[in-house]
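Two complexes, one shared chain (chain A), two partners (chain B, chain C).
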Partner chain A sequence: MDIELQTLIKVAAYLGGGMAIGFGAIGAAVGEGHAAAQANRALSENPGISGDIVKTMLVGQAVAESAAIFALVIAILLLFLQVPAPTLLKAASLLGAGLCIGLGALGSGIGSGMPAAEACRGIARQPQLMGRMTTTMLVGSAVCQTPAILSMVVALMLMFINFGDAPIVKSVALFGAGLCMGLGAIGSGMGSGHPAGEACKGLARQPAAAGPLTANMLVGSAVSQTPAIFAMVVALMLMFLNFGDVPFNPAWAAFLGAALSTGLSAIGSGYGCGLAAGASCEGIARHPRNVGPLTTIMLVGQAVAQTPCIFGLLVSFILMFKAFPDTAALAPAMALLSAGLCMGFGGIGPGLGNGMTAEGAIRWVARQSEHASLLMRIMLVGQAVSQSTAIYAMVISLVLIFVI
Partner chain B sequence: MAIEGIDLVKAAAFLGAGISMGLGAIGPGVGEGMVAAKACEAIGRNPQQAALLTRTMLVGQAVSESTGIYSLVIALLLLFVV
Partner chain C sequence: MKGAGKTPHPTNAMETIRALQKRYCSRAMLIAIGGALLLLVLGYKPLARGLVLGTLFSIINFILMGQSLQTRIGKTQSRPTLVALVSVVFRYALMAVPLIIALFYEPYHIVTAIVGLFMVQVVILLEGARNLLWNRSSTTGIGN
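Let's turn to the complex of A and B:
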C-alpha cells in the first residue's frame, strides 16, 4: 500500500488532535466536579455567604479548566495546521504533540480541583478570610498548572520546529519526546494539588500560620514538580540531541524505551511527593510551632520518593547514549523497549508507596514532634523495603540492556 | 526485515520479562508503602511499642514483597531459561 506523506501528516494530526482533547478533558472535568461537590457542601454549612462561595468555586474551576483549554488549543491547531513540506518526522512529531498535551493536562486538571474545593470549604468556615483564601488558592493552582504548561511548550515545539532531514529513526525520538513529557506531567500535576488543598484548608483552621503554610506549600510543590522537569529534560534531549547516524533497528526501541522509562516512573514519584507535601501543610496548620521538624521530614521523605524516578532517568540516559550495534533481528530491539517499560512501570508503585509512608510519618511528627527522630527512622526503614521492587525493576532493565 | 521463528520467540520473551517485572513492581511498592505509613502512625500514637510495631511492619512488608519476587523470578526465567 502506497501512502503519500501528505496523507500521513493528516492522519497523524487528526489522531493527535483527538487524543489531545480526549485525554486532556478528563482531568479538568474531574477536578472541577470535585470543586463543585465541595462547594455544595460548603453552601449547606454556611448558606449565608453563598455568593462568596460560588464566586470562589467559579474562579477555582476556571484555573482547573485552563489545562483543558491548553489541550483544546493544541487540538484545534493540529486540525487546521498546514504543513508545506511534509516529512515522516513531522508526522511523528504531530502525533507526539497531541499525546503530550493530552496526557499532560490530565494531572493538572485533577490537581487544580483540590485547592478550589478546599478554598470553598474554608470560606464557609471563616468567611472573613475570603481575600487571603483566594490568593492561596490561586497560587496553589498555578503551581498545579505548571506540568500542563511544560507539556504545552513541548507540544508547540514539536509542532512548529523544523527538524530538517534527520534520519528516519529521529521520528521515533520525536514521538517519544511527546510521550515522555505527557506521561511525566500526570503525577506532578495531581501531586501538587495535595499541598495546595491542604494549605487552603489549613488557612481556615489557623489563619495566623499563613506565612509558614504558604512557604511550605511552595517548597513541597516545587519538589513535586521535579519528576515533570526530569521528563521535560528527557523530552528536550530526544528532540534536540544529534544522535548521528545510528542504526534504525535497535535505536527506535532505545528511544521509545528512554521515553517510557522516565515518563512512567515520574507518575509515582510526582504523586508520592505531593502526598508528603500535603501532610506537611496539614501538620503546620495543626501545630505551627513544629514547622522545623515537619519541613525536614517532608524533604527527606520526598527525596526518597523521588528515587524511583531518578532510576528511570538513569535508564533513559543509558538507552539514549549507549551505542547499539546494527541488527536485523527483532529480539535485541524488544529487549531495549522492554527495559524502558520495565523501569517505567516498576517505578510507579515504589514512588507512590514511599510518598504514602512519608505522609503517615509526617502526620505524626506534627502531633508528637518529640518522637521525630524515631518516626524518621521507621519511615526510612519502611521506604527502603518499599523501594526494593524498584531496584528489582532496575536490575531487570540493566540485564536487558547490558547482558542479553 | 525477515523475522525468523526463534527471533520472534526471544523478542516475546524479552518483552514479557520487562512487562512482568514492571507491572509486578507496582503492587508491592504501593502495598509496602501503605504498611509503612500505618506503622509510622501507630508508632506515633504509641511510641513504647516501637519495637513490636517495626517487627510487625517488616513481616507484613515481607509478605507483600512476595508477589514482587514472583515477578522477578518469572522475569529471570523468561530472560535466561526459556
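Let's turn to the complex of A and C:
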C-alpha cells in the first residue's frame, strides 16, 4: 500500500506542478503581450521617446511576470518535494496546491499587464509625467498581484501543513480548498487591472487629479479583491475546520460543491467590480470635480456586483455545515455537487452583468453628476434584473440541497 | 508631442534599457549582499547563500528580458515571435535552476532562494513606493 501511495503522491505532485506553471504562465504571457502591444502603439505615436516607452514596458513586464514566478516556485517545489509519510490527504493537497497557484496566477498576470500597457501609452502622450506614471503603474501592478499572493499562501499551506490522520473525505476538502482559491483569484486579479490601467490613462489626461485617481484606484481595487478573500475564507475553512465524523458519501460532493460555488461565482463578481472601478477612475480623469458622486456610485455598484459571490458563499456554507445522511447511492452526492456547480456557474454572468451596468452608470455620472441619483436608481434596477439569474441559480441549488 | 514624426531609434532605446538594468541589478545585488552579510553574522550560512543565489538568477532573468528586446526591435514579425517564445521558455527554465540547486544542496536554503528570485521586482516596487510616499511631485521618478 505504501508503494501505491508513493506513486499516487508523485502523480499528484507532477500533475499539480504541470498545472501550476501551465496555467500560471498564461496570465503573465497575456499581460506582458498586452503591455508590449500598447508599447508598440505608443512608439508609433511618439517615436522620439522610444527609450522611455521601452523602459516602462520592461519594468511593467517584470512586475507582471511575478505571478508566473510564483507559479514556477510552487511547480518546482511540487516536482522535487520529498514526502516521507505518503497519505491520500497529502496527494490531494499537492494536486490542489498546483491548481491553486496555477489558476490564481492567471488573473493577476493579465491584470498586471493593463497598467503597464496604459502607462506606455500615457508616457507617449505626456512624456513629462514619466515618473508619476511609472509609480502609479507599479502601485497598480502590485495590487493586481494580491490574488496571486493569496493563492501562493494557500498553496504553500496545502504543501507543508501536516493534516495528520484526518478521515479520507478530508482529502476532497483539501483539493477543494486549492480549487476554490485558484478559481476565486481569477476574476479579482483581472478586475484589479482595470482601475490600475484607467488610473494610468487618466493621469495622462488629467495630471492634476493624480491624488484622487490613486485613491480611487486603491479603493476600487481593494473592493474588487473581496471575492478573492471570500474564496480564501472558504479555502481556509475547508482546510482547517474539523467536520467531525461525516460519511464519505455524500460529504465528498458537498465539499467539492462548496469549493466550486464560491470559486466560480467569485470570477464574475471580481471582474465586474473591476469594471466599475475602472469606469470610476476614467470618470475622475475626465471630470475631477465629480469625485464624490463617482466614488459613491462605484461603491454601490461594486457592492451589488458582489451579491452573486455572496450567494455562492451562502451555498458553500450550507454545503459545508449541513449534516447529510450516509448513503451508498451516487444520486444524492451528485445533487450536492450540482448545487455547487449551479451556483458557481450561475453567479459568473450576473457578477459580470452587474459590473457592466455599474460601469455604464458611473460613466454617465461623470458627465452629468446632477443626474447622479436618477442614474443610480436606474443602475440598481438594471442590476436587480441582471441579478435575477443568480437568484434562479441559488433557488435551484437550494432545491438540489434540501429537496432532492 | 515631443519627438512626434521621428522614427524610433533602437540604439537609444537599448542604451536606456541597459542603464535601467544596471541600476536595478546593482541595487538588487547590493540588497542581497547586505542581507547575506547580516545572515552570515547571525550564523545562518545556508540562508545567506540561498539569498545570493536566487538574486543572481533574478538579475540574469531581468538582463535576458532586456536583451531579448534588442533582438526583436526593428526586425520582421516572424523572427521576433520566435525569439520571444524561445526567450520566455529559456528564462523560465533558468529561473528553475536556483530552486533545484537549493532543493538538492544543503548549503543553499530554499526559502531565501525563493525570496532572491523576486529581488529585482522588490527593488522596482520599493522604488515605486518611495516615490509615492516621499517624492510625489517628482516628474523624474523611476527609471530616469
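Here is the rule we go by: the second predicted complex is superposed on the first by the 401 of 404 C-alpha atoms of A that agree within 3 Å, B and C clash if a C-alpha of one lies under 4 Å from a C-alpha of the other, contacts with A are read in each partner's own complex, and residues count from 1 in each chain.
FYI, contacts are C-beta pairs under 8 Å (C-beta built on N, C-alpha and C of every residue); 3 or more make two chains touch, one makes a residue touch a chain.
In this text the structure is predicted, and so the values were computed from the model without any measurement.
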| field | Combined model on chain A where chain B meets chain C, clash or fit | value | fit
| task | Would you sort A:R41 into first (chain B), second (chain C), both or neither based on which partner it touches? | result | neither
| task | Check the residue A:K10 against both partner chains and state whether it touches chain B (first), chain C (second), both, or neither. | result | neither
| message | For A:M334, using the defined touch cut-off, is the partner it touches chain B, chain C, both, or neither? Pick first, second, both or neither. | response | first
| If you count the residues of chain A that each partner touches, which comes out higher, chain B or chain C? | B
| task | For A:R286, decide between first (touching chain B), second (touching chain C), both and neither. | result | neither
| query | So, does A:D52 touch the first partner chain B, the second partner chain C, both, or neither? | reply | second
| field | Angular separation of chain B and chain C about chain A, which is computed from CA centres of the superposed model and rounded to the nearest 10 ° | value | 150
| request: In the superposition described above, what is the shortest C-alpha distance between chain B and chain C in Å? Please give a whole number. | output: 32
| said: Per the contact definition, I'd like the list of chain A residues that touch chain B in the complex. | reply: 249, 268, 272, 308, 328-331, 333-335, 337-357, 359-361, 363-365, 367-368, 371, 374-375, 378-379, 381-383, 385-390, 392-393, 396-397, 399-400, 403-404
| request: State the interface residues of chain B toward chain A in the complex, per the touch definition above. | output: 1-4, 7-8, 10-12, 14-19, 21-41, 43-45, 47, 50, 53-54, 57-58, 61-62, 65, 68-69, 71-72, 75-76, 79
| request: Within their complex, state which residues of chain A touch chain C. | output: 21, 25, 29, 43, 45-56, 58-59, 61-63, 65-66, 68-69, 72-73, 76-77, 80, 124-125, 127-132, 134-135, 138-139, 142, 210, 214
| remark: chain C contacts chain A in the complex at 1-10, 12-13, 15-17, 20, 62, 65-66, 69, 73, 88, 92, 95-96, 99-100, 103-104, 110, 114, 117-118, 120-121, 124-125, 127-129, 131-132, 135-136, 138-144
